[in-house]
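There are two complexes below, and they share chain A, which is joined by chain B in the first and by chain C in the second.
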Partner chain A sequence: MTRDEVRQAVVSILADIAPDEDVSSIKDDVTLREQMDLDSMDFLDIVMELRKRFNVEVPESDYQQLVSMASCVQYLQPLLKDRQLAS
Partner chain B sequence: MKYDVIIIGSGLSGLAAGIRLAMFDKKVLIVEKHTVVGGLNSFYIRKHRTIDVGLHAMTNYAPKGARNTPLGKLLKQLRFSHDDFRLHEQEMSEIRFPDKCLRFTNDFDLLQQEVREQFPDAMDGFMKLVAKIESFDELSLTTSEWTSARDILSDYISNPVLIDMLFCPLMYYGNASERDMDFYQFVIMFKSIFMEGFAKPVGGMYYILNLMVDRYKSLGGELRMGVEVQSINSAKGVFESLTLAGGEHLQADAVISSMGRIETFKRCEPALVNEADESLAGQVSFMESLFALGREPKDLGYERSIVFFCTEDRFRYEVPTNLIDISSGVLCCPNNFKYPEPLSEGMIRLTNLASFGLWDALPRRDYIDAKKEWRTRALENLFTFFPDFRDSVVFLDSFTPKTILKYTGHLNGAVYGSPAKAKDGTTPVRNLFICGTDQGFLGIVGATLSGISMANLHILQKKVAPSA
Partner chain C sequence: MNNKVNPEQRIVITGIGLTSPNGNNLKEFRESLLTGKSGVQKFETRFMGEVLAGVCDFDALKYQKKKELRRGTRAGSVAIYCCHEAFGDAEIDLEAIDRSRVGVYLGVTEHGNVETENEVHNISKYDYDTKYWSHHHNPRTVANNPAGEVTLNMKITGPHYTIGAACAAGNMGVIQGVQMLRLGEVDLALAGGVSESIRTFGIFASFKSEGALAEHEDPTKASRPFDKQRNGIVCSEGGCVYTLERLTDAEKRGAKIYGEIVGYAANSDAFDFILPEPGRQAECMRLALNQAGLKAGDINILNAHATATQLGDIQECKALRDVFGGEKSVWINNTKSFIGHTMGAAGTLELSGNLPAFEDGLVHPTLNLDELDPECHLDNIVSGAPKQLGRVDYIMNNSFGMFGINSVIIVKRY
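Here is the complex of A and B:
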């Protein structure tokens, strides 16, 4: 996956987790908690969706890497570089 | 074949737990002894009417976009959009006592204003109580000591009528204990009723339950109806298998039971003697009568969505010494919600506290007569306060604590389960967990959140220990 595809993958997870949210307008540098009111239950869901869709494990000590879209992409791209974005 | 998880019961908590587990590819089975899903909040069909068993209203209403509320969390966790639930808010409800009346809507300001007008001396204390409630973490999953809500309230409010008026709706909609309430439960109910509020889904529970069952099945979850769990078998304190009535055995790594805590322990093999003590079971149950009307409730003088009433000076929330207690109750007019289109028929529902023991002791013939007699008595008392609607009734039906026991298996027909809750959902048996009413979150939204929280905490966030 390219950086763009990783971003797309995260956006698609967020769209699933928060069906009432407009995910097209997410700003990369603002925390997700702030933009989407995400709580700890939601971050767990992001982690579980990553495991389910791409078989990547995010250890608890790395959860803070998921704080914004930019940091998600930064952190996940190396882990996902060999994975395909499902169409 | 071995399941990752088997869930006992297809009430709201069981279905919600099932959706969460199936969503993350667990091999999951729900077993339900009844032939209809929904448990305490199911529906039945009589004379071409689909009637909700429980639903007066869903508490915890929050508008679309309020994501950090119980309803918002529930929707996100189950991947529903707010629109999927087709919720429409109440118009206005009230608490009516002999000399006082407090109206409230889903805007908390109205209740505050009403308290200011009706109980000016108590306003200061009321606002301090509200501040305490707002800062309280009622959703914590760690069990704490039972704390008397009456004691805490009396620190803030000295007027006994106001205290009774606040307790009346909160107890009727969610208190497993008699007379007093655990403070965390008081906070849950205060927020869910006064600060969040009421709404109803178009299509009632039939619609919501179908939505959940469809979601569960589309994620690959299995559901077996008409299947009763006979025993929950463990070895050396670790769960091993389930035996169904009829003898079939089912294997799983873990079980989540929504039957109720003591109800679950009673089925454990080897027996959990101390835990299965029935004297700890809940006692609070209700008689509910519903009246289909040839007219709109409003045309008969029933303007409110829900009325919590008491016709005597003091409100008593306890097992009555008669079959039912006619001196207080809940009146619900499903028509008086902000639906886009009027319902097909007028309806009024009436709930009164009832004694399981007295109903249970009646022989069959007397039971049917007693239902009629006590329904009549309840109405006669009601009509000293409210307009008479008897001439407009086109269909009526009543159910009692016995009916609730029969269809849900909750001991004593206790709608809110046992006063002793298992907030973290664990049991003396490893890999056997409790969800729903007896975990401590109840009502429609509460039970659903309970199923979600227990599936998350015990299964999804944890590797299930392999059975020995």
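Here is the complex of A and C:
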């Protein structure tokens, strides 16, 4: 997966978790919580969806890496580089 | 105890919010009951394929965001819809009231089966690895879930809980609301019952294993209480919530009043897990009559529990003959012949369908009573078409459930 594809994968997860939000306008360098209505249960959903969709485990100590889109992509790209973005 | 003496102890219904398989508000529901419109249809369920069920089609997004729907439960969604509608109908403005003085009391037959079945199904796709079990399972399955979702959605900070009372739960939710108002614990009660039962295959499978799941090639004819050809229950979802308040408060704000709850009773058969016991049922009806200071003959409409199981109907009819036998002015109907068994919602929903009789004088009929089972003989069953009584003063509602929990409510014309 390229960085762009990783971003696309995260956007797709967020679209499912936060169906009332416009995910097309997420700013990469602003924290997700500042621009979307997300709580701790939602972040657990992100972790669960990464597990289900890509078999990627995010340990609790790394949850802070999911704080913004930029940090998500930075953190996940090495983990997802050999995975395919589901069609 | 006769509570009619002290006006502060008189509790009235000032709002009704409901979703039934044949209507999403009281007007639609009543119209369906007067015109013979069933709400039973074919329904796909996991592992069992096509079954018959009463399915609701209210607009869940009217009061909830998509995210709330994703996170919450069907029962929570039904409850939120009904509670908003109940306050809307009562013309209560959420912004203008003290929400710490509102109690949410919802009857449930069961809760959590749907969500647990869904998670087991979910992890079955991952070789039953429990790390795929959702973190949402706990909040979705705690027994107070439906009432709790209401408080989150409506920002109500008074007490909320559910009352588990099998198929008597809808009445028990209302009774709880009445009691809490009389105790002065709250100033407004959102009280009733909800059910998401059809979203679990287990309830269909279990009734089938008991030999008590209704079947018929025409879904609208499947639920046939008192009929010789009845063959069991149609499972349904639904919800009904009342706005309850003290008569003094209701009069002060000039509220529309549907009726006054003048009597109720609950007791237990202490007899069997599933089989009903007519002696205790009759006793429960008499307890409610005594509390209201009424004689059996004072009741104008008796809405029977009438689930259409073989034995259940026979036992209830014995109890009804015991209490009302020879009373020529008591007219009997049931609601499950239209909508099936809405479980936790049944008591409140079925009572609601009769409350407009205070205005129009009509007893809605029972459907599908083509040939009365002689063992269900009652003098005054209203069947096929509505009956005009002219004036209706008292309505009694029966709801009975497994483990022999019996509940009766009597509402008086205001």
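By our rule, the second predicted complex is superposed on the first by the 87 of 87 C-alpha atoms of A that agree within 3 Å, B and C clash if a C-alpha of one lies under 4 Å from a C-alpha of the other, contacts with A are read in each partner's own complex, and residues count from 1 in each chain.
Simple rule for what comes next: a residue touches a chain if its C-beta (ideal position, glycine included) is under 8 Å from a C-beta of that chain, and two chains touch if they have at least 3 such contacts.
Just so it is clear, the model here is predicted, and its values are computed rather than measured.
Asks: Who does A:19 touch here: chain B (first), chain C (second), both, or neither?
Replies: Both partners, chain B and chain C.
Asks: Could you say whether A:41 touches chain B, chain C, both of them, or neither, answering first, second, both or neither?
Replies: A:41: touches chain B and chain C.
Asks: Of the partners chain B and chain C, which touch A:4 in the superposed model: first, second, both, neither?
Replies: neither
Asks: Kindly classify A:62 by the partners it touches after superposition: chain B alone (first), chain C alone (second), both, or neither?
Replies: A:62 sits against neither chain B nor chain C.
Asks: Per the contact definition in the header, classify A:52: touching chain B only (first), chain C only (second), both, or neither.
Replies: both
Asks: So, A:28: does it touch chain B (first), chain C (second), both, or neither?
Replies: Touch status of A:28: no partner.
Asks: Return the residues of chain A at which the contacts from chain B and from chain C coincide.
Replies: Common interface on chain A, chain B vs chain C: 16-20, 37, 41, 44-45, 48, 52.
Asks: Which bits of chain C are touching chain A when the two form their complex?
Replies: 65-67, 70-71, 126, 131-132, 134-136
Asks: Using the touch rule from the top, collect the residues of chain B that touch chain A in their complex.
Replies: Residue positions touching the partner: 24-25, 64-65, 67-68, 72-73, 75-77, 79-83, 456, 460-461.
Asks: Which of the residues in chain A end up touching chain B in this complex?
Replies: Contacts found on chain A: 16-21, 36-37, 39, 41-42, 44-45, 48, 52.
Asks: Which of the residues in chain A end up touching chain C in this complex?
Replies: 16-20, 37, 41, 44-45, 48, 51-52
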